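Following this message is one structure expressed as structure tokens.
Note that the chains take the letters A, B, C, D, E and F in the order they are written out, and that residue 1 is the start of every chain.
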Amino acid sequence: MFQRFDKLQIDLPMPDKADPAAAAAVQELMGGRFGEMSTLMNYMNQSFNFRQKKKLKPFYDLIASITGEELGHVELVSATINSLMEGATSSSDDPKAPLAPGLDAPNLHHFIVNAQTSMPGNSMGQPWQGDYVFNSGNLVLDLLHNFFLECGARTHKMRVYQMTSHPVAREMIGYLLVRGGVHTLAYAKALEEITGVDVKKMMPIPDLDNSKYEEAEKFERLGLHRKLFTFSPEDYRDIDKIWVGNHPDDGKPLEVEIGMPEGGEKPDFEAKPEEFAPGYSPEDFYDIAAKLQKRM
Amino acid sequence: MFQRFDKLQIDLPMPDKADPAAAAAVQELMGGRFGEMSTLMNYMNQSFNFRQKKKLKPFYDLIASITGEELGHVELVSATINSLMEGATSSSDDPKAPLAPGLDAPNLHHFIVNAQTSMPGNSMGQPWQGDYVFNSGNLVLDLLHNFFLECGARTHKMRVYQMTSHPVAREMIGYLLVRGGVHTLAYAKALEEITGVDVKKMMPIPDLDNSKYEEAEKFERLGLHRKLFTFSPEDYRDIDKIWVGNHPDDGKPLEVEIGMPEGGEKPDFEAKPEEFAPGYSPEDFYDIAAKLQKRM
Amino acid sequence: MFQRFDKLQIDLPMPDKADPAAAAAVQELMGGRFGEMSTLMNYMNQSFNFRQKKKLKPFYDLIASITGEELGHVELVSATINSLMEGATSSSDDPKAPLAPGLDAPNLHHFIVNAQTSMPGNSMGQPWQGDYVFNSGNLVLDLLHNFFLECGARTHKMRVYQMTSHPVAREMIGYLLVRGGVHTLAYAKALEEITGVDVKKMMPIPDLDNSKYEEAEKFERLGLHRKLFTFSPEDYRDIDKIWVGNHPDDGKPLEVEIGMPEGGEKPDFEAKPEEFAPGYSPEDFYDIAAKLQKRM
Amino acid sequence: MFQRFDKLQIDLPMPDKADPAAAAAVQELMGGRFGEMSTLMNYMNQSFNFRQKKKLKPFYDLIASITGEELGHVELVSATINSLMEGATSSSDDPKAPLAPGLDAPNLHHFIVNAQTSMPGNSMGQPWQGDYVFNSGNLVLDLLHNFFLECGARTHKMRVYQMTSHPVAREMIGYLLVRGGVHTLAYAKALEEITGVDVKKMMPIPDLDNSKYEEAEKFERLGLHRKLFTFSPEDYRDIDKIWVGNHPDDGKPLEVEIGMPEGGEKPDFEAKPEEFAPGYSPEDFYDIAAKLQKRM
Amino acid sequence: MFQRFDKLQIDLPMPDKADPAAAAAVQELMGGRFGEMSTLMNYMNQSFNFRQKKKLKPFYDLIASITGEELGHVELVSATINSLMEGATSSSDDPKAPLAPGLDAPNLHHFIVNAQTSMPGNSMGQPWQGDYVFNSGNLVLDLLHNFFLECGARTHKMRVYQMTSHPVAREMIGYLLVRGGVHTLAYAKALEEITGVDVKKMMPIPDLDNSKYEEAEKFERLGLHRKLFTFSPEDYRDIDKIWVGNHPDDGKPLEVEIGMPEGGEKPDFEAKPEEFAPGYSPEDFYDIAAKLQKRM
Amino acid sequence: MFQRFDKLQIDLPMPDKADPAAAAAVQELMGGRFGEMSTLMNYMNQSFNFRQKKKLKPFYDLIASITGEELGHVELVSATINSLMEGATSSSDDPKAPLAPGLDAPNLHHFIVNAQTSMPGNSMGQPWQGDYVFNSGNLVLDLLHNFFLECGARTHKMRVYQMTSHPVAREMIGYLLVRGGVHTLAYAKALEEITGVDVKKMMPIPDLDNSKYEEAEKFERLGLHRKLFTFSPEDYRDIDKIWVGNHPDDGKPLEVEIGMPEGGEKPDFEAKPEEFAPGYSPEDFYDIAAKLQKRM
């Protein structure tokens, strides 16, 4: 089971301009084969289907707890896309057609289907698919996959970073490069425990330190590259059997933290009457909401 | 953000016989268009992309909190499939081919790809897809969709119930009929608040009371059809602006409960050496696990 | 069985400029999940598979007759796309590459695959799929679905309307908003007959009257929002058991009309030699056609 | 535009036993790449997008009128599947699970999703897709495609015929082999008009006469292999510029008939309470229907 | 079995400017339904599954040997796409975002996923699919399909030619028009052998001679339109039973050549550090490569 | 470019009984995500798109040459499926329906679409897809992927081995386990050259030696686990910079062999008149073939 908290993992900066093309690109990090929906669903299914979870508890706990964090990553990428879309149709060259700017955007579904918000698909507007999940049940193979998946995800994040200098996109990517780095290292260490192979020596893939990205470096200064959270108030604490020793980059100790990061505020987005979202007459909704608020 | 608890929403009975065909059918309730992955992902995306969440907080809280519950539903259906597969290859007519029973099962991927566990696909083995998510951003339309989605999900559950009398499948379906009924009613009430239409009078669709299913009736006797959980220790409490009044079936008061149900135990599944899951030599894993347990 | 008439449901205005981006957007109304192919195929399949069509004849007649109308809607959207493409490559910046303008259009298949005409896919160029059809066989659920489907289709039409002020697109959308409104109301009334719930009170979704759109209002002045056609010379007349009473908007009587609307002219489109359509040498075709005309 | 008649193209015999596996196979003839949905949608789109329909009227009329017939073919295949399913769950080994026979059928969706009726997908349960449509706009290429498509469709029909001796399936296949043969010949003659190549000499593909199939031969005796219908009361009459001369098999004259065949009765299917279709309580529906019948 | 040679079928000119939009269009010729992957995979599967290959050796040899050539065609189209991408991000308006030009390209995957190289998908970025393969096992039908497939492929090539005057794209298309013409004629002759129908009289489809394209005419002057290669040092020589007589265009003799064309140089592409391809630090790779070179 | 040889990589034993269910399972090794089409297409695309192939020649040569071998692997799996299908409809319980046994097989397309031969799809009949190809352009990441891909492919092979004791299937799997092992080791060594990580120490995944499989052990006795072929008469010889040292299992020297294995005979399959393959009247084909043989 899961409980929810109405927070993002970090505060996102306020966007100062819309960038629907960047939003389309960031969709790859949400619903692409190597996006956050994929990491989420891979680990979720692997944890559901884990055999011998008691005997192999540290490994189970690792995959199960990272699932918890990935839920928040999907949420964070979604919020980023929404921020990048904010204002996309604030001014149209065609006064009779307020959504006309959508015709110039790469992803028409953002305007026709999703009311200028994120969708569970990739940068080409193709839907995320269940067969992006790899779950062989063989622990070594699943861990090897997860290590590879994190490296692929890192590559796509670095490329999207190179595609746009929009500060909201970069803040999110900086953060996720750090957290993704933690997961990559964790899977590398788990693989090493079983096979004895020093997998972490391959890192980073691609071969460019997070420290080279100012938006990532900021979070590393806070030590976030050394912390693995249980994402549970009580369970999954045996991740500390795997997450031990020092970080290979700075030599400082790895730490397990019970629970989750403090988190940031979830942005609230204004009505878009030209999309009929949340409805044509915001005033009516105001009345309904007011009526409900008075209850109790 | 989300936190995880290592519990299922209910205790599942121990399976006494494998039924891979029933497992294939139950996949529809996991990864089909009207399965739990769909309800989860619909509400998750709708809550990510909700506009004016402050002004329309009760509606936002409703969709956001049900997302939390749906995570546990996917988990429960997955555990059911895994239970139905338990023992599927315990005896093979062909002693040289221990997985030969898989050739008679409807879903070959269960044996070749997933090591006899659940997969994010439907009863025909087709992967779940991101375009099963409906998220128009128009609140009335999204609520109408959710009401319809829950009714469609109920129909499929009732049909799978009719397909198999396996007690694990029926325990899960009985529980989900009750909880799905709560969500249907909640969306009906939300729709009524905005439109004034007494949508709940359409219920149940199909027109057969949960009380006719002994496995559902059992949970209704515990009052579970009247409880809506926040699935959060702190947030989403404004669901009590919508979840008010009495239940239309028994006239007893609807109740909001902070947090989540007490839950049941997650089953642990044995190694399947014939699938190389979690690995060929369970003994080796035992050593590794023992070594890790000694740490700290 | 069906018979065909070489007419469109309405006359479309002659286009004065090409707009391939608008054509790409209008594809959503043809082959998107909520496009006319979807309404057509949903009702066609539901009518094929209807159980107890004699006992429940008014409901069967309703779904079966609307199928007839939807065929014409697909045809009308297709003609609109073709009109929007007309002239798309009439002048190219690159004299050696007459199709070069296609490189700037959102849908490259329009130029490489379909010779600048419509295709059975959506605004992202993704093919229409058979699993967009919902057909549970449960009448209440199917009617609820159809009501929802029409509301979703309306939302997408309104958004595409907001994306382009091209007069051909808007004429078509204006007409379909009116006819879609008739179908929505018809399904609402059918649902009400069975469940007693006043579903039509939810309408319109989104909450903006057709009268606000001049291209729709024009057709409402002709009373087209109050007419349901049998789309059959002889059958499906029991739709008058459901299509009774007055229209909720203007209080005037609902009318059933035997057959179909008078209709308009189907546009004929010129050869596109740069696409080799219908062939490189129109003159040759002229000879062949002349030869055939002489026969008999 | 199209009008509908509540008739099948032929009378189907009453089924005396259910055969869900044969029903699954027949789905290929409905929603497979070479099924009737494909022929329908290919010709429908080609007729929508035809360039120079006036100048090339005989060719346009040919494709446009065959579209009309194909609508009835899809309907006929659907009715066949429904007949083959009739009684599929009339007795279950598991008295508590009336749908249990569905677990042994190849297509679980027939039982969970479609209430034992046809679906717009193929014999493997995969949905029909819009990219099965070929519509290049080049007339010779489109006609060549159509000739090929009809030959492929014939091959699949002959193979499904070889898979089952169920009389309902064979009656339908016998009829469609004859009518498909007409369409194949028509496209061959159209190709010959333009290119001068005697394409019809390739026929039949595969190389086995319809006369070898008693269920087809029966319809040939009625001359149905020599008749091309306009499927329109008024339009598409220039098909008689192409459909001229004698039939290559028996040397008798080809005939154009205005309108459509006389047709047969559409079967009505009983309620399936175990599927909740059309609803759990047929009695309630009876009351509603009776109330509606009384109107006017 | 197959052996590989490190050569392209022809020398491609050096590109002088990047054109990512043209590259996106050329993808249709690689991974579209009528692209080279499709011709390759159709013939490969047909040759794998050919029945009675000894008795029908000339036909088998034909399909089997053309498979060999198609491998090189896919390679050539891929090299063309890579050339068209060369320099696509050599200058970015946003100095902090070197991949920003990718946001203006039609295919975002070219930049995020494939490091500015070709992908096995079509012009809309949709993946090539196995069901593009037609392989009925009926020889006449398969040959008819192949003839149609080649004509469809020719049409798409001619349209992409019309879309871009980029010399690399046109050189490749010119060559493939000639070689595709050879395959079309070969399948036409094979069909004629069996059926007696003079299929080749339909050619060319579309009706415009290769001689009208200067980049094709150049290769015809070398006689490449009259040569069929065995693409094998020893096998498949019975293609000379089918590839006999004179070419219908120029009346000169058709020739079978053992083996394959002489071929051209494969272009080598520079590192793209902004894509981390082949790695961030080309120097490191240099060291590794140098070390390996020293071995032995 | 590629040349073809009319040989299989090994001789396959003659099948003594058909096993359509095993054939369906073996499809996973052909067209599944981890089947031979995937390894082929991954390496083919990576070699097409390789950057700095001169500087990094040993790595390029490795991927390029393995591509050559994979072509033969797809061919071998296809031949195995065809052998497993041989005789599948030799006797039918229903004398009027010779293909009736197909109704009991898991893959209906094998009987309706492919005339009892292999298809480019997986064990569930789903088509192979282009997005199974991973090609990031980053060399370390691509090599890591390839190592993972080979391990996944090995897992699926071992499971299919466990599903059937059919000698044809096992002969093929035994051989491919050995050759796949060579490729896994080669990618591991390549990765080690660049990263210094002793990846090969992870092998084998799953953790069961090839020597445990008698059909694999047989080929290891011939030393096939130590040989890497260039699959080219002239090129790709720098694989000997990577394929150096001794085999980790038996300590014997790794060897590079120019060219390819000697290979075995390709089986020829009889006509299947009930599938109209290669045609209804084998006699006619005999005449045609005889006529062609007489030429020259």
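The rule we apply is simple: a residue touches a chain if its C-beta (ideal position, glycine included) is under 8 Å from a C-beta of that chain, and two chains touch if they have at least 3 such contacts.
Chain labels with UniProt names: A, B, C, D, E, F = Manganese catalase family protein.
No experiment lies behind these values; they were computed from the predicted model shown.
Chains that count as touching both subunit B and subunit D, per the definition above, are C, F. Contact with both subunit E and subunit F is made by A, D. In this assembly, A is the chain whose CA centroid lies farthest from the centroid of subunit D. Although subunit B and subunit C share one sequence, what matters here is the overlap of their interface residues, and that overlap exceeds half of the numbers used.
If you lay the C-alpha trace of subunit B over that of subunit F, the rotation comes to 120 degrees, to the nearest 5.
Chain pair B-D has a twin interface among E-F, A-F or B-F; that twin, with over half of the contact pairs alike by residue number, is B-F. Centres computed as Cα averages put subunit A at a distance of 39 Å from subunit E. Centres computed as Cα averages put subunit C at a distance of 23 Å from subunit D. Contact with two or more other chains is made by residues 106, 113, 124, 126, 131, 136, 138, 140, 155, 206-207, 275-276, 279 of subunit E.
Inter-chain contacts occur between A-B, A-C, A-E, A-F, B-C, B-D, B-F, C-D, C-E, D-E, D-F, E-F. Partner subunit E is touched in their complex by these residues of subunit F: 1-9, 31, 37, 41, 44-45, 48-58, 64-65, 67-68, 71-72, 74-75, 78-79, 82, 113-121, 127-131, 133, 135-140, 193-194, 231-236, 238, 240-242, 244, 259-261, 263, 266, 268-272, 275-279, 282, 285-286, 288-289, 291-293, 295-296.
Interface residues of subunit B facing subunit F in the complex, by the touch rule stated above, are 94, 96-100, 102-104, 106-109, 111-113, 124-126, 274-276, 279-281, 284.
Contact residues of subunit B toward subunit C in the complex are 33, 131, 134, 136, 138, 140-141, 144-145, 147-148, 151-152, 155, 191, 195-199, 201-202, 205-207. Across the interface of their complex, subunit F is touched by residues 21-22, 24-25, 28, 32, 106, 123-124, 126, 155-156, 158-160, 162-165, 206-208 of subunit D.
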